[in-house]
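What follows is a pair of complexes built around chain A, which joins chain B in one and chain C in the other.
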Partner chain A sequence: MTTETSTRSANGEVTYTPQDGRLLEVEDLHVEFHTPDGIARAINGVSFDLHEGESLAILGESGSGKSVTAQAIMGILDMPPAVIPHGYIRYCGHDLLTMPEEQRRKTRGPEVSMIFQDALSSLNPVFPVGWQIAEMFRIHRGMNKSDALEQAVRLMERVQIPAARDRVKAYPHQFSGGMRQRIMIAMAIALDPAVLIADEPTTALDVTVQAQIMSLLQELQQERQMGLILITHDLGVVADVADRIVVMYAGRLVEKADVHDLYRNPAHPYTRGLLESIPRLDQKGQTLAAIGGLPPNLMRIPPGCAFNPRCRMAQDVCRTELPPLREVAPGRLSACHFAEEVIDA
Partner chain B sequence: MPEVVLSAHDLVKHYPIKKGVLRRTVGHVKAVDGVSFDLHKGETLGIVGESGCGKSTLGRLLMRLEEPTAGSVVFEGQDWSGASARDTRRLRRDIQIVFQDPYTSLNPRMTVGDIIGEPFEIHPDVVPRAGRRKRVQELLDLVGLNPEHINRYPHQFSGGQRQRIGIARGIALNPKVLVCDEPVSALDVSVQAQVVNLMEQLQDELGLAYVFIAHDLSVVRHISDRVGVMYLGKLAEIGEEDEVYARPTHPYTQALLSAVPVPDPTLRGKREQIVLVGDVPSPANPPSGCRFHTRCWKAQDVCSTDEPELVQRPDGRGSHLSACHFAEVRRVVETTDVSGENPDDRFASPDVSELSDAGAGLGPAGGGESLGSAQAGSTARRAEATNPAPEGADPARLATDDHQDPTR
Partner chain C sequence: MGTYIVRRLLQMIPVLIGATFLIFAMVFALPGDPLDGKCGERACPPAYAAAFEEKYNLNDPLPVQYFKYVGNLAHGDFGETYNGIKVSDQLKERYPVTVKLGTMAVVIEAILGILAGVLTGIRKGGFLDNLVLIATLVVISIPIFVIGGLAQYFLAVKWGLFPVTVTSGEATFYQLLLPAIVLGSLSVAYVARLTRTNLAENLRSDYVRTAISKGLTKRRAYGLHALRNSLIPVVTFIGFDFGALLGGAIVTESIFNIPGVGNYIFRSIKSRDGASVVGAVTVLVLVYLVVNLIVDLLYGLLDPRISHD
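The block that comes next holds the complex of A and B.
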């Protein structure tokens, strides 16, 4: 086990200090959903870490387990039906999964916070937005109502909501999609978290608004040196923002690499296929290649490599043996039996 | 240039805003406000724009699922807007639609065979009753689904497969025009390419013309021959794919293109980004003059008073239609011509037949894809919109039966 790097101050509050700049370590995480139809294995052994000021992208399609990973880190999975049979999620050396709920609750917001995809359904429709932002200060910092509201105005200004002071008492439905997402961001950064998880933050937004939100997120991350986990399926957004990328497929990491390496020279057939199957704005006359078949049913993940039924390189070994995630070049991990051939291709 | 199959002449659709006990009309949402274009035989016209720009309403007007407030839709020389119910039905055979959401646009209580075969109930002369099942199976095969799955229900298919069912229904009557309203935006990245390639293949085989409505500028560039950019109910710019993407002259097109992230990290920070301030104004109260002037960095006094006309404006190599007083070419996307270059087929394939998931045997994907119960409610309504009410069908109606089997 890692040594705990924290101190307990006089009033019993825990302060967290990252070790060697490492904020978060996820190790061999498994998540299953026990449903009446059987067990859906959403995450099957995922490990990665996140450093201070780093942008890590988790890339995957629907059902790959990327959002479940985020929810497990935040501790907002519905348990049951979700079960975490194995794994550690350590924040500054503290295992979040074994931490008493009361202590864990205190990490949500001040230490780790999250932005959701759908801002309209994530905000409470019957309270003004300012009240909802101010709630963070009232509950975690024990501020009085007027001070908390003042902080909310300051935050709304910081996320560039025009006429913040006049709009602090407006309700979520009175804002546009982009403005609502800014309010979500304001809530998420309110208590200066060390880790910010953004789960598809711009998927529901138009492209011009997406550009505004992504640049705001990057600016805030640099200003506060937050560790950012960006969860997305959009290879364009990732290329603009991420330092490192992990690619998920059927609840496993299939590739982990620096952003430049991954785009220049993918080391897994799935990543390669994905990159060839996206139409590009800057190309004319492109022949679009596609990956055949469908992502697997999580209740019946194929034996061996989960990608084998869709993989054009698959051999017999792929149908029987699960390829481990291994280092195939300096700093590059791939879970493919033939990663060397893929990377040289 | 091939003949024009469909043209829109100054199409307008205003929705009344009603208020008060007496439901008095207090204003109008100007969803589509004067849109004109021609669609040629066998071509793809892409329509792009942000949410609320009126592109979906335009698609519904072309299908005559909505009555235009003004203007007309002309199909093969015949004005469709004044057509009788009987003529409309006949014309609908030639213009079909594929909806965005494959989860809500298929009736969950009907089998795939019934969904794809329903157009034949309304147009019984297309395929004789005895041959319908066989025809539906041919259609399933054509869109890359297993013909043996004819008795399955929509929930037994994944999103991509459902969109194939929607396409099969759309092409069942051998239409000449297929209006596709965001056909791939609900699909996963790896499945999107399969459906796009299928649509391209069907176009080649059946000589279909597409009106391809989407918000994804990369997909539209890939599939379209010509592209129209909409902003607040009007066309800002329209031209050949290359003219609009490589030589845009309207500031809105330029801003839109510059905001699209490109999957290449080496371009990070090097791409020119035009960041627009603010949000799209309300279509109930659009700005005077040029509708884009409130967000435009080039706006002068004239922009807020005079509406710029959509006319030919020089683009450096020729000219194309653009609605800006100060139209000027600005290259925001460095285009590389990769035509003729084949992708590495060791990992993915451009061949549609090889990619049909008919025999994949994986069954519907679990986990991420689930049918929300909230969505199910609107299903029946949407399904009706696709296939006009059967009771209105007139079986005695005569029609020319020159429709050929697309599978040959």
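The block that comes next holds the complex of A and C.
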């Protein structure tokens, strides 16, 4: 399957080229956490791919495995306790999981890059922000200090930090939450990565700032034709930015669809529950819809469909048989025994 | 920053006055008469006794004695011992020895402690980690006079690796090496544990995860990003410990016969030499306050989140 898609240039550096426009292929990924209390199965066979210039949203509650998926792609899971028993993560046809660590390290930053939820704790408190951005150029490009710092100023201007040149030597705590997230973004896009993973980039921010950060991400993505993986539990954030959505539940994909199809008529009861639980202005005074019950304990995922204890449509078959992810309409996949009925509802 | 330093220096004045008064009052309250045994087997002649009491203000009430003392202190006069030797001369002679010993001990504790802390913090739960954990626990649990005595007996007396005691007023580096190791050993244990705990905690922090996802080598992510943060409390501890060590190490200096400040205070207390005790302690308080101020300023430099405005 893996054809030779990289070439070694004269200086021995590997260059990566997408295959048929595909940047990233995740195939049958499993991640387990081996803890003293037992094995938590965080991801149980997840497959999706990401194309050049595409925005893919991964949607799910806490504990659904969306962040673990992102961390597995970046290779920043703590192993142990995390174990990847099987699965592939191919970047431009190269399996990141079997790649030598030194080669993989060099992909972090120039090829695949990530921004995190809490920018304050994700930035190092004792180094100036400009220094932290410049570090990307110094480590990966071997640039000298002053050139790298000049690049950092340029990037801070690009992510619209006011008076960037004056603030390049300031420390993370001297910025507001939104500005800190902009600095994280500047750092992540510094080396023009092909894939940018944003793990709940706006969760810790005010609503108005959320919108600014999302539109900045969208703008940068279009400008640089990056593949963007947006991880979130907020359906409102997704609608404007994402092209496709995958919905995760208990470490599995339960639905995969184009963003508009999914919003118009979801093909999985869980997705429908998520959409119904968005508060709406025109329904003032009514009880807020919520999905009853709690996400399953990953050490004891229920047999059959993992969602069955919380599902209003659950039948006997849901408690015994695991529904496969199957095509229920052109370009739409759902892992529900009764997907057709859900769509029609 | 400037106003902060001025404010801190002004704060030292009441502390210094309070500390010297307490010491002065305690020395005053000590039983015994400095004239006892001054003139051999018999009582001193009344004329001599009167002159002696006059010279050292012994007939004044405590507040008057204290104000006279502070008045002299204000223009640098530390007074005389009852043998007529200037206290300031004594301190000038002994202080360099204590500074030398304290510096050596601090260097030993910083190097060994941080090294052990880093090695164990990176691989928490490994063999080396457990070994260091047990070793530091043992060191922390044993009183210093036991460690000092054992080290002196085995390393110096029995195996002859070090000089047994300091034999001259000029303590050499080699003579002070074993005492410095003994003095530093307790702090090595604390520094190692502090470094280990902080490093292990910072290795799991979000910004180290960011450093790894930036494509930095583990060496740089751990050795620069995590360690730089982990050393902030360690450097602070070492700084305060240095301040304490400059106060002289009474036990260690006694074991190894080191002519330092600790030894001097110990002997002065035994011989009821009030002027020496008060003078030496005043200097110690002052040094300790200054070192504390320097450590606080250093803390602000190490951690940009601390501001001294």
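Just so it is clear, the second predicted complex is superposed on the first by the 337 of 345 C-alpha atoms of A that agree within 3 Å, B and C clash if a C-alpha of one lies under 4 Å from a C-alpha of the other, contacts with A are read in each partner's own complex, and residues count from 1 in each chain.
Keep this in mind: contacts are C-beta pairs under 8 Å (C-beta built on N, C-alpha and C of every residue); 3 or more make two chains touch, one makes a residue touch a chain.
Keep in mind that this is a model prediction, so the values were computed, not measured.
After superposition onto chain A, the partners chain B and chain C occupy separate space and fit alongside each other.
By the touch criterion defined above, A:110 lies against chain C but remains apart from chain B after alignment on the C-alpha atoms of chain A. Counted by residues of chain A touched, the larger count belongs to B, out of chain B and chain C. By the touch criterion defined above, A:122 reaches chain C but does not reach chain B. In the superposed model, A:84 lies in contact with neither chain B nor chain C. Once the two complexes are overlaid on the shared chain, A:314 sits clear of chain B and of chain C alike.
Of the two partner chains placed around the shared chain by superposition, neither chain B nor chain C is touched by A:329. By the touch criterion defined above, A:139 lies against chain C but remains apart from chain B after alignment on the C-alpha atoms of chain A.
Rounded to the nearest 10, the angle at the Cα centre of chain A between the centres of chain B and chain C is 70 degrees. Of all Cα pairs spanning chain B and chain C in the superposition, the closest are 6 Å apart.
No residue of chain A lies in contact with both chain B in one complex and chain C in the other.
Per the touch definition, chain B reaches chain A in the complex via residues 50-51, 158, 160-161, 188-194, 196-197, 215, 217-219, 221-223, 241-242, 245-246, 255-268, 273, 275-276, 278-280, 333-350, 354-357, 360-369.
By the touch rule above, chain A contacts chain B in their complex via residues 40, 42, 61-65, 162, 176-179, 206-212, 214-215, 233-240, 242, 259-260, 263, 269, 272-300, 309-313, 342, 345. Note for the complex: chain C touches chain A at residues 204-207, 209-217, 220, 225, 228-229, 232, 302-305. Note for the complex: chain A touches chain C at residues 74, 76, 78, 105-110, 113-114, 116, 118, 121-127, 135-136, 139-140, 171, 173, 184, 187.
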